[in-house]
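Accompanying notes for the structure given below.
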Amino acid sequence: MEKPVGIIMGSQSDWPTMREAAAILDELGVGYEARIVSAHRTPDRLWDYGKTAVARGLRVIIAGAGGAAHLPGMMASKTRVPVIGVPVQTKALSGVDSLYSIVQMPKGYPVATMAIGAAGAANAGLMAAGILAIGDPALAQRLDAWRQALSDSIPQEPKDD
Amino acid sequence: MEKPVGIIMGSQSDWPTMREAAAILDELGVGYEARIVSAHRTPDRLWDYGKTAVARGLRVIIAGAGGAAHLPGMMASKTRVPVIGVPVQTKALSGVDSLYSIVQMPKGYPVATMAIGAAGAANAGLMAAGILAIGDPALAQRLDAWRQALSDSIPQEPKDD
Amino acid sequence: MEKPVGIIMGSQSDWPTMREAAAILDELGVGYEARIVSAHRTPDRLWDYGKTAVARGLRVIIAGAGGAAHLPGMMASKTRVPVIGVPVQTKALSGVDSLYSIVQMPKGYPVATMAIGAAGAANAGLMAAGILAIGDPALAQRLDAWRQALSDSIPQEPKDD
Amino acid sequence: MEKPVGIIMGSQSDWPTMREAAAILDELGVGYEARIVSAHRTPDRLWDYGKTAVARGLRVIIAGAGGAAHLPGMMASKTRVPVIGVPVQTKALSGVDSLYSIVQMPKGYPVATMAIGAAGAANAGLMAAGILAIGDPALAQRLDAWRQALSDSIPQEPKDD
Amino acid sequence: MEKPVGIIMGSQSDWPTMREAAAILDELGVGYEARIVSAHRTPDRLWDYGKTAVARGLRVIIAGAGGAAHLPGMMASKTRVPVIGVPVQTKALSGVDSLYSIVQMPKGYPVATMAIGAAGAANAGLMAAGILAIGDPALAQRLDAWRQALSDSIPQEPKDD
Amino acid sequence: MEKPVGIIMGSQSDWPTMREAAAILDELGVGYEARIVSAHRTPDRLWDYGKTAVARGLRVIIAGAGGAAHLPGMMASKTRVPVIGVPVQTKALSGVDSLYSIVQMPKGYPVATMAIGAAGAANAGLMAAGILAIGDPALAQRLDAWRQALSDSIPQEPKDD
Amino acid sequence: MEKPVGIIMGSQSDWPTMREAAAILDELGVGYEARIVSAHRTPDRLWDYGKTAVARGLRVIIAGAGGAAHLPGMMASKTRVPVIGVPVQTKALSGVDSLYSIVQMPKGYPVATMAIGAAGAANAGLMAAGILAIGDPALAQRLDAWRQALSDSIPQEPKDD
Amino acid sequence: MEKPVGIIMGSQSDWPTMREAAAILDELGVGYEARIVSAHRTPDRLWDYGKTAVARGLRVIIAGAGGAAHLPGMMASKTRVPVIGVPVQTKALSGVDSLYSIVQMPKGYPVATMAIGAAGAANAGLMAAGILAIGDPALAQRLDAWRQALSDSIPQEPKDD
């Protein structure tokens, strides 16, 4: 299967969050690769990943990181492939540090920032799918169906457990 | 010219921010329409805009709003067209309210959130271009050139004025 | 029994918070219905709920939501029935996101915002009762009694457990 | 004219904010009185105001205050008349102090909190009108018209100035 | 024993925090009374407490409260007896709401605000003692000794457990 | 005149804020000295000030500082004389940094923290007077009169200017 | 072994955080001493430590503290030896209070502030090593090797556990 | 003159802040170079700067940046030369975004973070000097003299202007 989406994260500890993105892509039948690319610990890996992204056929990159979360923004600096950023929740500052480090990018290098944590990671998968669906009618249909199913799943009334 | 991008905003007062997005799209030769669509004051307009977005050929929507900024998220609820959100700076809370209202979307309805204010609006234009460039090699080239020019414009040393 | 109060919430997961509102209405003998109305997942349900609220005899709507909490504000946009908003506590941002998304409404569409979490939900029930009591002397009396009982329940001195 | 709404505020300096509430009530033909009632400087005035509110025919109280904003909450403690709170913007903390002091009320004493500053004050007037409209069909009609006019005033496209 | 210090709190749930103040006063041999005085649930009790404070011989009042913490400020409004405020930690906002509600008092009515939570309550006891020690040389000596003992208790080096 | 109050501040730039404390003491006929004592730039001056405070007859110390505001807390460490802290407003963080640095003292060393900025400085003067009034009936009377005059100065209604 | 690094902390309770600094120095073969020096409880110990730091051969001081964290800044005031500050996480404010108290130093007295909590403490050890490595080629080599090993330890792909 | 310090910044707009660092180094007779190195716009320049820092004789790097401030952290990733970070004040978030992006570095890559804005930049110069002074007794003496002069400049009493 083609792998138009790259899911990258700063460390193994981000995976429990980021696999929510992978799960969505699995549900929607979108191919992806998952890699650990640490902005600080493996900067050259980041460089290579960014420089070869277009040539390798990546069309969307999902990047998750926590704290002084430089990975999404640095990747956005190295490639024109759209970068979706996921702020991972942190212990002391609950991910506000991650959010600010990802979203407050200067003019020139946008990062499409998602909500903090697992919901944000799942939404990163959906955003990637939505972007790819622009040029892929079959995926667009699957995405519409996914959205419809989510909507249909909502009961009319809350229930005591 | 085709208009694949819709720039919408909650009110006329958001235009000084949002025209930064328009300016970037002009620079990159990407067609767009600019509309005022208020989530609260014109909810039916929002509904119509969302429901017809795909059919009208919109491929990316840029939505700017301030305060309890519901426009980007509600638009994301009504269409699978990718929505890029721009938190407009506010008087009391400086746009933190706008940012939280836009970025903290629940699973299912991502908004690609940009930085608060003018830089975020300009980046929304660049993100839209980056998304469209996936399927448009000529635009990809123009975007690469734009990025290179920005990079080349940076002097080696700071100057006293 | 007449049901002048509509309790709506974005998802089943809000019910443990929102049933505090229901409990208060039960105590005060005020009829209500409880519904799940998700701004993002069931926007058309929201639309219908808002458009028919007056005709269905709803006089107050209590709306609880978390994160980018758009339900109370969107409901306020669709009906003149007073909307009371309850910010549900969230994992990463503790409900500050919910609070800002609900309270910072633009001119034209007020949401009567309560405290974050369970206390806010209980107070939403009391606020609804207070509003209905304006035109219902018997309810006014019951509300006065409820308040008096709460006041009378406070011991003079704290106790070690 | 009957005066069902009491607009109270902690000091003369809150009036530039709070008269937005008065202006809305004027537009909607709702009678009101405006009083300075300082929780800290005139606590006995607050007590009297609260204790006589029902007897004097007040049906809604709008209370604006800044900083350690105790007026709305203390008024809610003294009367069952619904209290709408307006957090006035402050110099150092921009009204976050006012907001927290007003909205975070304990179970038993709700304050219907509005947005920080002038938009919140205007919305307090609209919320008061919406509450009174429950029992006043003519006012309900005027409120509907006001809302429709606001909606109709929104142009389709933004304009450069 | 004379009871120059009044420890008051908004509810029984504040006692686990506030008894840290009582414990310090016990250690220093300062008499006190502990009362529940809720600003919102028992406002008349608050009024009476404040109005009779001087006559009853109270020389310092320690007031603890959480959330929209109005007790310390309202007490400061009702009596010239110095009021020490303790922001009790809260669930959603960790006591930032309590802190802002207590410390941001307007000109005229100071509240001597302590740290959030148990350390703040203990310090309220020490501050009360320090104030009383101005006119009580024996207490001053005991306070000096307490401080010296605390200082002497600090080991030179940290230890693994 | 006796000078029971020491007003100290970290730098000349704090004086426009801190002279509000001095003005109140002037109004109430309480003697004071005003000194610049920088925790960081003149730590030995701080040491001396603290060590000699009791012997020099100081009964209350008012300490204002901004940013990493260490002066009030360090003074509280060096003397049992009650220390009242005034968080001076800062450029970037508006005095939240000052507030946290002053109020969050560990057990053992309370600082009676006031509101951020000028209102807090004025209140520091009033708190100092309230503390001294415990043992000075004439001052107590002057303070009561000051409070009464403030209360009497509040008009019943707000005025357009 | 020579001990060029002093690790100081406000209390025993900071040690679980601060020993991360010690662990790094152990790994890098840098000598250190660990001391409890409380700014508030043992101010004279702080004074002595600062005044003798140069003479005792300390070349870098690592200082950890929480809440109103005055230790790093006061130490920076007493010695020209570079001070690295570690904000210890706190219960109510998660270490934002510690961070602001440490980082917002006025001109003249820098504190090299690290991240909140354990990562910050480890980084304090690395920063100390980096500073000492300027004049110690062997240490520089060990530091380079440590960094390389960290980089080499990062796997290419995340793993489910 | 030798240039052991590199002052780098993300853009020309940071220079008014960062020249405070240069001014201090001038005062202390420490050589430096000033360069614009944008993490996002000139990432390869950043790479080169970092990789050659040791070889070029840089012993300390001062890096200033605002918003999603990735420059200091990325430089710390590329060289073992100690990096001092200066959070530049921003329009919407006042530099809290810059502060969090700089200070919250993960284990392995410390950035010695200074206060937000001009004071932080000046302190970066002083910290650099303090670090170099470890191995340069003449500089140590100049730094001691600078500190003494600052201390001596503080008047005993504040003055009305």
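So that you can tell them apart, the chains are marked A, B, C, D, E, F, G and H in the order they are listed, and the count of residues begins at 1 in each.
Heads up, the rule we're going with is that contacts are C-beta pairs under 8 Å (C-beta built on N, C-alpha and C of every residue); 3 or more make two chains touch, one makes a residue touch a chain.
Here the structure is a predicted model, which is why all the values come from computation and not from measurement.
The set of chains touching chain E and also touching chain H is given as F, G. Common neighbours of chain C and chain H, by the contact definition above: A, B. Between the Cα centres of chain B and chain G there is a gap of 43 Å.
Centre-to-centre separation between chain B and chain C, using Cα means, comes to 33 Å. Separation between the centroids of chain E and chain F, computed from CA atoms only, is 18 Å. Across the assembly, chain E contributes 11, 41, 67-68, 93-94, 96, 103-106, 108-109, 115-116, 119, 150 as residues in contact with two or more other chains. Interface note: chains touch in the pairs A-B, A-C, A-G, A-H, B-C, B-D, B-H, C-D, C-E, D-E, D-F, E-F, E-G, F-G, F-H, G-H. Taken in their complex, chain F has these residues touching chain G: 10-11, 39-41, 43, 47, 67-68, 70, 73-74, 76-78, 90, 93, 96-97, 100-106, 108-109, 111. Those residues of chain A that touch chain C in the complex are listed here as 89, 94-96, 115-117, 119, 150-151, 153-160. Listing the residues of chain D that touch chain F in their complex gives 9, 11-12, 14-15, 18-19, 34-36, 38, 41-42, 45, 67-68, 91-94. The touching residues of chain A, counted against chain B in their complex, run 54, 59-60, 80-82, 84, 99, 103-110, 112-116, 118-119, 122-124, 126-127, 130-135, 140, 143-144, 147, 150.
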